[in-house]
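The next part holds the structures, each set out as C-alpha cells.
One chain, subunit A, appears in both complexes that follow, with subunit B as partner in the first and subunit C in the second.
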Partner chain A sequence: MKNKVILALLVIWCLGSGAYAITGEEIVNKVDANMTSKTSYSESRMVITVDNDVREKMMISYDKGTDTGYAEFLTPVRDKGVKYLKIKDNMWMYLPSVDKVIKISGAMLRQSMMGSDFSYEDALESAKLLEKYTATLISTEVLPVSFRTQDKIEIKARLCYVVDLTAKVKDVTYYRRVIYVDREYFVPVKEDLFALSGKKLKEMTMGEIKRIGSRHYPMYMTMRNLLRANSNTELFVTKTEFDIPVDPKVFTQGNLTK
Partner chain B sequence: MFKLALRNILRNKRRSFLTGLSIAFAVMVVIFLWTFVSGIISGMFNNYVTASVGHIRVLNADYLKRETMLPLSATVPNYRQLIIDLEKDPNVKLATGRIKFGVLMDTKGKTKPVLGVGIDPQREEAVLGLSRKLDSGRVPAAGTSETVIGAGLARELGMKTGDTLTVVTQTAHGSLSGLNLKVVGVFNLGVASIDNRTFFLPLDQAQQLLDMDGRVTEIFLLIKDPDKAPQVAAGIGKTLPPGLTAVPWQDNGFLYYMMNIIKYLYAAIYAFILLLASFTILNTMFMAVMERTKEIGMMKALGMREGEIGRLITLESLILGTLASFAGAIGGTLLAYYVSTIGIDYTAAFKSIRDIEMPLAYIYRGEFSWLTILFGFMMGIIFSVLASVFPARRAAKMNAVEAMRE
Partner chain C sequence: MITSAYALDIGGSYENDMLALMKKDGNNAFGDLNCLRIKLDWGLGDNLTVHVEPRYYFLSKSQDIALPGASELDTLVWDRVYAKYRTDRWSLTAGKQRIAWGTGYIWNPVDIFNPMVLSFAVRDEDKTNVESLRVEIPVGEAGGIDAFVLTGKPWEQTGRGLRVKGTKGLFDIALSYVDQGTLGHQIGLETAGDIVKDVGARGRSHSRQGPPATIIPRRRPAGITRLITGSA
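Entry: the complex of A and B
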C-alpha cells in the first residue's frame, strides 16, 4: 500500500514536472545495453498458433553484438537443418532439402519467418532503432509484468516508461512503435507496431523476466501479427548464456552449408 | 428417263466434267474449312478447360476471392473423401485434386514467375493426357520427386530431361521450403501460356513441399454435359462442406466471353463459306442448263412435254450433283482427316508472340466428323438441283422455235 502511494506520487510528480530525468533516447540505449551482449547462446522453443493449428519448433541461436546472429532449427522434421545467418542488414537462409543458400532480400523481408508472426525484418532490425527513429518518452504506465525466479513465475505491477519511436524516414514497415520499458531493469515488456496510416500491425509482449548475471532478460515473448487472423507466436527461451566464447566461423556462410 | 438423263450427261463429257468439278471443289472446301474451324474452337475450349478451369471446380470460397494470388491458406481439406463423394454424382465423369502454387525462378538473371501444378498422374491421364503430349521423356510417377516441364519453360531454363529443377517456395504456413525435382519429361500442350511457365509434379510431392497434407487448392471436375455445368455445380454446391464452393466454367468470365465471341465469329465464317460454295454451285449449274436452251427447244420440238423436260433436267442435275458431291466428299474427307490428325503447324508464326496469354495452339487440328462430311455432301446435291430448276423450267416453257434460235 505504502509502495503504491509513493508510486502514484512519483507518477504525478513526473507528469506534473513535464520533464523526466531520462530521455527517450537514453532509455532505448539502456534497453540495448541490457538486451545485447558481446556474444550469447540460447535454446528456444517457438510455438506458432493459427486458429486451432499449433506448430512447435525448436531452435538454437548464437548472437554477436547487436547485428550478427545465427540460428538453426532442430525440429520438426521438415524444418530440421534450416539455418539463418544475419550480418548487418543482410540475411541468408539455408534450405537443406535443396542444399541451397537463399538471400532474403527485398519484399521477402516483410514476409513471415518460418510461418511465425515474426517477419525476417523483425529478426533483422533488433538494434539500430535510433538510426531510423526519433525516441520520445511520452509517459509512464503501470503494467503487469511476469518475473521468473527458479521455477516460480510471479506477476508484479511494474512502473514502465512509455517511449514513442517515430520514423525519420517513410520507407519503414513500422512508421511508429510504442515501447513499454520496465523502469528499473530496462527490459522491454511490450511493444506496439503501427503503420504510417496509424493502423496497428503487430503487438509484442515480453515476460518471465529472469535475472542472469547482472542483467534481467525476458525468457518469454509473444508476437501477434494483427494482419493474420487468429495468429499468435510464442517464443520460450529454455536456455541462454551470455558472453561465452563463440567460434567466429559460426557467423560465416560456410557454416550454413556445413 | 434415268437412262436418257445419264446419256445426256455423258454426251457432253467436257461440260459435265467442268460443272461436276466445280461442285466437287465447293463441297470439298466446305468440308475442309468446317472441319478446321470446329477443330480450332473445340481445341481452344479443351486446352483451356483441361489445363485450367475444368467443367466445374470445387474451391475454398476464400480462395476464389484471391485466386490470382494463388493463396495456399484457403484450401480444400480432406480431398480424398470429397473426390469419392463427388464421383457418386451421376453427372460427374471424373474428379481429381490439384494444387497450384507460384514459384519464382531464375532464368538468365531474370526472375520469372512460374506455376507449379501438383496433379494425380494417373487420374490426369484422362484429363491432361500428358503422356500423349510429351516432346521427350515420360510422365512423373506418384510418390517420386519427378517433374515434367513445359517446352517453353525448358527452353528458357536451358533444361532437358534428366536435369534437376530446384523449386523454392513458401509453404501454406508461410515458411520457405524447397524441393529438388528430377525432370523426367518435357511436355508440349501446344498452348503458349501454359507451355512457357508451367511444371507438373505429383500431388503428394506438392503437398510435402507446401506442407499441405491431405489438402488441395482445388478439385477439378469433368462432367458429362459441359453445357449443364451451372446446374450441376449448383447441385454439388449444396452437398459440399461449409466454406467450399463449386464453380462452373461459365463463371470464368474470360473463357465464357471469349467462347461467345468466337461462336458468333465462326457462325459468320460458316455462313460465308456456305454462301460462297452455294453461289459457285448455283452459278455453274445455272450456266450449264442455260447453255442447253437450244437442246431443250429441240426436245420440245420432238414432242416432249414441259413437265417431262423439267423432270429430265432436274434428274440430270441430281445425278451430276450426286456424283460430283460424292467426289468432293471423298476429297474433303481426305483433307479433313489430314487436318485433324496432322494439323497445320503455326509454330513459326507464333515465335514472335510466344508470351501471349491466350489458349492458342501452335498446331491447329481439325475436328473430324462424319456429320460435317454428310452435310457437305447433301449441300452439294441440294444446291445442284435447286440451281437447275429455274433455267430448266424457263427453257421448257419457251416456244420450241424461239428456244432453238437462241
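Entry: the complex of A and C
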C-alpha cells in the first residue's frame, strides 16, 4: 500500500511542472529551428480592421536568416511600391511618392507599420529571443489550433508548452512574453506580450499550420495591439517557400529604389 | 521582383475636393476640384524602364470666382517623364524626375529641389521635378553614390550634385556637394540613426556659398535639427 502511494505521488510529481523532459530554452531553440530558414519567400495578404474600417494590403517578402529581410507592398494603389529593408538592427523604408529612402529609427520604431497592429520594431525583431530573454517552461495547456491540409482547415485540441520569457536586458520593448508552443511541431500558436508594469500590450495568435517540407509553418496570424481600441490585424500567407536561392542584391538599398 | 520583357504597369488615382462658399446675401458659390493622376511604367526588357506620370486638374465652379495663385488648372501637367537604364552595378535615369535628398521628414536643407517636404503627406506627389541625368551606384548593402546633372543649360550655368552615403553602426551618414552653377554651391551633411534604444537622432547641416554679384553677396546659412525622443 505504501509503495502504491509513493508511486502515485511520483506520477503526480512527474506530471507537475518540475519534471518536463525539455527546458524552456530547448523549446525556444526548437521553435527557432522550425520557423527560420536560410532563405525564404512569401506572398501575404494583410487585413487591418479598425472599428468598421477594413483595409487590405498585398505584399511579398524575402528573408535571409533571422535578421535580414525585404518586403514590398503591391496593393492598394496608395501603398504600391512602398518597400522595407531590414539588415540586423537597421531598417529603411522607401516611399515611391517622394522617391526617398527613410531610415526608421528612435521612437518611430514603435509606430504602427502601414497602419497595422504591428510596429516597425515587431518587424525588426530577430528570432534570437534567448539573447535577450530567460526562458522558463511554466506549464502545459490544451489549446484549439487550426491546421491546413490542402484546402481543408481543421481545428484540433493540441497540447502546448507555455513558456515564460522574461527580459534579462533593459533594451526590450516587451519585458515579458508568454509563448504557447505546439508540443509536437514546435510551432508558436499564441503569444502574449507584456510591459514591465505587467500590462498586456499585444496579443498574437497563429494558426492554419501547414506542413511544408520537413517543417510545420503557420499560414495565418493575428496581432492585436491592446492599446488601440477595436483594432486587429490579420496576416494570411498565401504562398511561402523555404531555402530557395535569393539574389543577395535583394537585401540592399539599391533594390529599394528600383 | 519578377519582370518580363515589355511589361506594362498602369496605375493612377482620382481625387475630388468639393468646397462651398456661403455668403450672407445668399449668393453662394460652389466649387469642385478634380485631380486625375496616371502612372505608367513600361519595362522594355530587363534593363530599361520608361516612366510617365501625367496629372490633370479640373475645377468646375458655380460662379466665376477669381483664384489668385492658382495655377495648372485645366492643364495636362507631365509630372515625371523619364527613362531608367539599370545594370547590376549602376543605374542611369534621364528625363523629368524627382530627386529628393535628405533624411528629414519635413525640412531638408541639403535637398535643393524640395527643402520642405512632408514625407508622409498626401500631396507628396506634387513636388518639384527636375529635368536631369542621374547616376546611382549602390555600394554594399546600405551605401551608394548618387550624382545628377541638370539638363537644358550650358555646363557652366547648370546645377550638378554628388552625394555619398554610407552606414556606420545604427547611423546613416551622407555627404553631399551641389554646384548650382551661377547660383553658388552647397555642401551638406546628413545623419539619421539611433543613439541608444528608443532614442533616435536626425541631423542635417549645410553650408551655402552664393555668388559675389547677387543681392546678398555671401550667405552661409547653416542649420542643424535634432530629434530626440524617448518612451518609458
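The working rule: the second predicted complex is superposed on the first by the 240 of 258 C-alpha atoms of A that agree within 3 Å, B and C clash if a C-alpha of one lies under 4 Å from a C-alpha of the other, contacts with A are read in each partner's own complex, and residues count from 1 in each chain.
Note that in this section a residue touches a chain if its C-beta (ideal position, glycine included) is under 8 Å from a C-beta of that chain, and two chains touch if they have at least 3 such contacts.
Predicted, not measured: the structure shown is a model, and the values here were computed from it.
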(request) Please work out whether A:T149 is in contact with subunit B alone, subunit C alone, both, or neither, and reply first, second, both or neither. (result) neither
(message) A:V50 in the overlay: touching subunit B, subunit C, both, or neither? Say first, second, both or neither.
(response) first
(request) Tell me which partner A:T134 touches in the superposition: subunit B (first), subunit C (second), both or neither. (result) neither
(request) Look at A:S97 in the shared chain and tell me whether it touches subunit B only, subunit C only, both, or neither; answer first, second, both or neither. (result) both
(request) Between subunit B and subunit C, pick out the one touching the greater number of residues of subunit A. (result) C
(request) Figure out whether A:K249 sits in contact with subunit B (first) or subunit C (second), or with both, or with neither. (result) second
(message) By the touch definition at the top of the document, which applies to A:N230: first (subunit B), second (subunit C), both, or neither?
(response) neither
(message) Is A:R78 touching anything from subunit B or subunit C once the two structures are fitted on A? First, second, both or neither.
(response) both
(message) So subunit A touches subunit B in one structure and subunit C in the other; where do those two contact lists coincide?
(response) 78, 95, 97-100, 102
(request) Within their complex, state which residues of subunit A touch subunit C. (result) 60, 62, 72, 77-78, 80, 85, 87, 89-90, 92, 95, 97-100, 102-103, 105-110, 170-171, 249-254, 257-258
(request) Using the touch rule from the top, collect the residues of subunit A that touch subunit B in their complex. (result) 48, 50, 55, 78-79, 82, 93, 95, 97-100, 102, 111-116
(request) Flag every residue of subunit C that touches subunit A in the complex, lowest number first. (result) 1, 11-13, 86, 88, 91, 97-100, 102-103, 105, 114, 117, 119-120, 124-125, 127, 136, 138, 140-144, 167, 170, 172, 192-194, 196-202, 227-231
(request) Spell out the residues on subunit B that touch subunit A in their complex, using ranges where they run on. (result) 166-168, 170-171, 173-180, 211
